[in-house]
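In what follows, chain A forms one complex with chain B and a second complex with chain C.
Let's look at the complex of A and B:
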């Protein structure tokens, strides 16, 4: 399966040129860029690991591209995403978040159903990736 | 003594200052009773209203404006001595300005100021009972329309506003940088719960973020509400597991009583839904109750504006949708249908952008072209996500993004479910078209002019989008709007 989190996951994986273009858009708007990675892309796994601190006050996308390359090299079989933060009053949140790396094989998720009273069902989504301990997934 | 109907126009507009004259039993002009005051300077704490008035032939516009001020505040048709037991000068609303409407010789804009003391804190029911409760059937007026309102910060702060708001909704859904995508399940009536859930599953798995019950899907013989909720949540969870994304279906909890609505909303919560839905026809009090419930239960609250067209569409009489937008932001909903510009339902581009600005911006400056007559500070009240729904399709993606921006739910019902290759393909076509257009816009391309080419390029790698463009690419709904701006920009010569 292909996990479709992130702003552009229904398009073919972005080229470096396309990534640079999006980063330039964010920098022109004064947004800070951060890179995050995980081996468990559960839809409610909010806190991926931070690949360094968010980059504030950048003018040139080259700095971000260097970090993207470093993250991919360090975690070639992880999900890696680029986030853009807007500190404008009333927003103070992410404005763009898109994948720049994903594992070659994406095992996806199992839907667990627990039949309880009546026809009521309790659902849980489980990452197949978490069968193995952190760091040993997607090896 | 000045008696009704015999005074000269000038003297009839003057308030009677001597209490013996003012409070003598009998009938006076509203202006004489003090409801017209061109010298009045509105206070920062006043609630302001702008009405479009069409006086009956022979009725002085200032007197008509005073009558609206009077009937929407303290006045009745005759003098009452009991006014003298109150600080009547404060409680009297003041019509303070009357302007002719450009291009409409029989219509006037009447500006009216209301003291904050006239209103109960945090109650749209009280506000609307005052402002629109009595005056709309008033005989001296041929027609009356509430065009806009200004709420002072002191009043705004008495409302909780949207339980979730745009920013928090995006954080909960983990979806940023693009409009959200939805679809209303079709046909809107007749599907069994099991078949209905099939449509939900296909649309969400294909790439939509949300699917939606229609306004009149409640609990009918062909599908009871519990069945619908159970099948829909199976579909939502399956699609979420298949995509790795948070998904939702607006479960419509509209019902005959508050008890029924609470029961349905509680069941939606137990099943793990992220969103519930209500219709505008449940009434302002019920909307505020559901807003408080949604706030207590971390639920996104979707409002379908069912019925609004009966009073918002005609320019001379009723209430502008921008006023409804303001009331609903105060009342506290997270989504509201607010027009598409390009789809099948009424919506002039400037007017629709005015509604969107009211719902989304932290502060609205005066913007006559978009029908915003007052400066409005929202005092940190969360923003409402507008929903564009009704006769839109993938081929219009560049126009939708251009007119409506990023913080909007684009809902393609027929444009998803009617796709020649099936519902999943329809959903995928919309999602690919959307992401391609956002990507291109961020790259600095001129999507307004290059849009069709951007879509054609994206379709080369996406057969479902190609099929959607072939099916609907040329479909437009090109009819004149009835609700249009009264002020248009005049090009200045340099």
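Let's look at the complex of A and C:
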């Protein structure tokens, strides 16, 4: 199952050229770019690992593209996303976030049902990939 | 019948007009005094880039030209200023995408402990991408007396990016002529990746006077006739002194003259001042300089 998350979740994966122009757009608005990766892409997992430090004061997307390439090389079978942080007072949060890399094979999620008191049912989802420990998933 | 393989003639003037590089070169000529060999080199480089652009239009390609440069010359000869202009020219011709200048020194590139240098250098490189990276006093990167110095690591990363990402950024190394020569001699990889070596000559005394005039115009001051003669003499004496830093020394001299003019005006309290008084630097403001008292001990 293809996991989607973030700003362009409804679109097919962006090409490098499209990623570059999105980054150019962010930089033109003065947002700082950071790159994050994870192999636990549960929809509610918002805490991904940082790949390097956030990049401030960039003027051109070439620097970000270099880092994206480095992240893909270091973590070819992880999810990698690009975040754009707006430091404007009163906003001070992410304005844009989209995936730039995903594992070749995504096994998807299992729906768990738990019967609780009064025959109520609680539901949960669990990624099949998380059976294995961190770093060995999706390989 | 005309041969159909003939391409339409290329219009060099049109390319020049659309890039307004000619206007940039003209401002360069107008606003910077002297530096004739440097200006000639920059015109040559600009012509090369212009022709390269035309060649690209007709599908002739020699690959992206190597644009890394080395500016050598004594202090105060305009290396940083020219680097700024160079960034504008490269941007106008479309050889860098953003045209900003990131000026750094050893401190910004080299870390303080193991593993600190690479991220630091890479961060600077990322910031400079799309523009020009100006490394002032680049010879400090290489410390031959300490073989464990982290400068070498910075140089290696720099070399790698200079080679592989030529279309993303242009690196300009600057420094004093003799020390840069030693630097290149001990880093042949660096020297061979730099296509343009530009040497900045010292200014003559008449050029320094012209610079002083330009600076004063910018600050809305003027020299009285006596002050002008005094300043001419000052320049000649100052040039013979140690630590002469060309235009920078002139700027400092003018700042000190402004200081003395101000204290002179304040000390004649009671007499009314007019606009001309506030603008004029008199001979006495310049004559009291240490440079004129020849027999005193030489100090900074």
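Note that in this section the second predicted complex is superposed on the first by the 138 of 139 C-alpha atoms of A that agree within 3 Å, B and C clash if a C-alpha of one lies under 4 Å from a C-alpha of the other, contacts with A are read in each partner's own complex, and residues count from 1 in each chain.
Keep this in mind: contacts are C-beta pairs under 8 Å (C-beta built on N, C-alpha and C of every residue); 3 or more make two chains touch, one makes a residue touch a chain.
Remember, it's a predicted structure, so these values are computed and weren't measured experimentally.
When both complexes are superposed on chain A, chain B and chain C end up sitting side by side without clashing.
By the touch criterion stated above, A:37 is placed in contact with neither chain B nor chain C.
Look at A:85: by the touch rule set out above, it reaches neither chain B nor chain C. After overlaying the two complexes on the shared chain, residue contacts for A:57 are found with chain C alone; chain B is out of touch. In the superposed model, A:75 lies in contact with neither chain B nor chain C. Partner contacting the larger number of chain A residues, of chain B and chain C: B.
By the touch criterion defined above, A:121 reaches chain B but does not reach chain C. Using the contact criterion defined above for the overlaid structures, shared-chain residue A:48 touches neither chain B nor chain C, since it reaches no partner. On the chain A superposition, the C-alpha centres give an angle at chain A of 100° between chain B and chain C, rounded to a multiple of 10.
Between chain B and chain C, the minimal CA-CA distance in the chain A superposition rounds to 16 Å. Shared contact residues of chain A, touching chain B in one structure and chain C in the other, are absent. Taken together, the chain B residues at the contact with chain A in this complex read 167, 170-171, 174, 176-178, 207, 226, 230, 233-234, 237-238, 240-246, 270-272, 362, 380, 383, 428, 431-432, 435-436, 438-439, 442-444, 458, 461.
By the touch rule above, chain A contacts chain B in their complex via residues 1, 3-5, 7-12, 18, 21-22, 25, 41-44, 46, 83-84, 89-98, 108-111, 119-123, 125.
Within the complex, the chain C residues that touch chain A are 97-98, 100, 119, 123, 125-127, 129-131, 165, 168-169. Within the complex formed with chain C, the chain A residues making contact are 52-53, 55, 57-64, 66-67.
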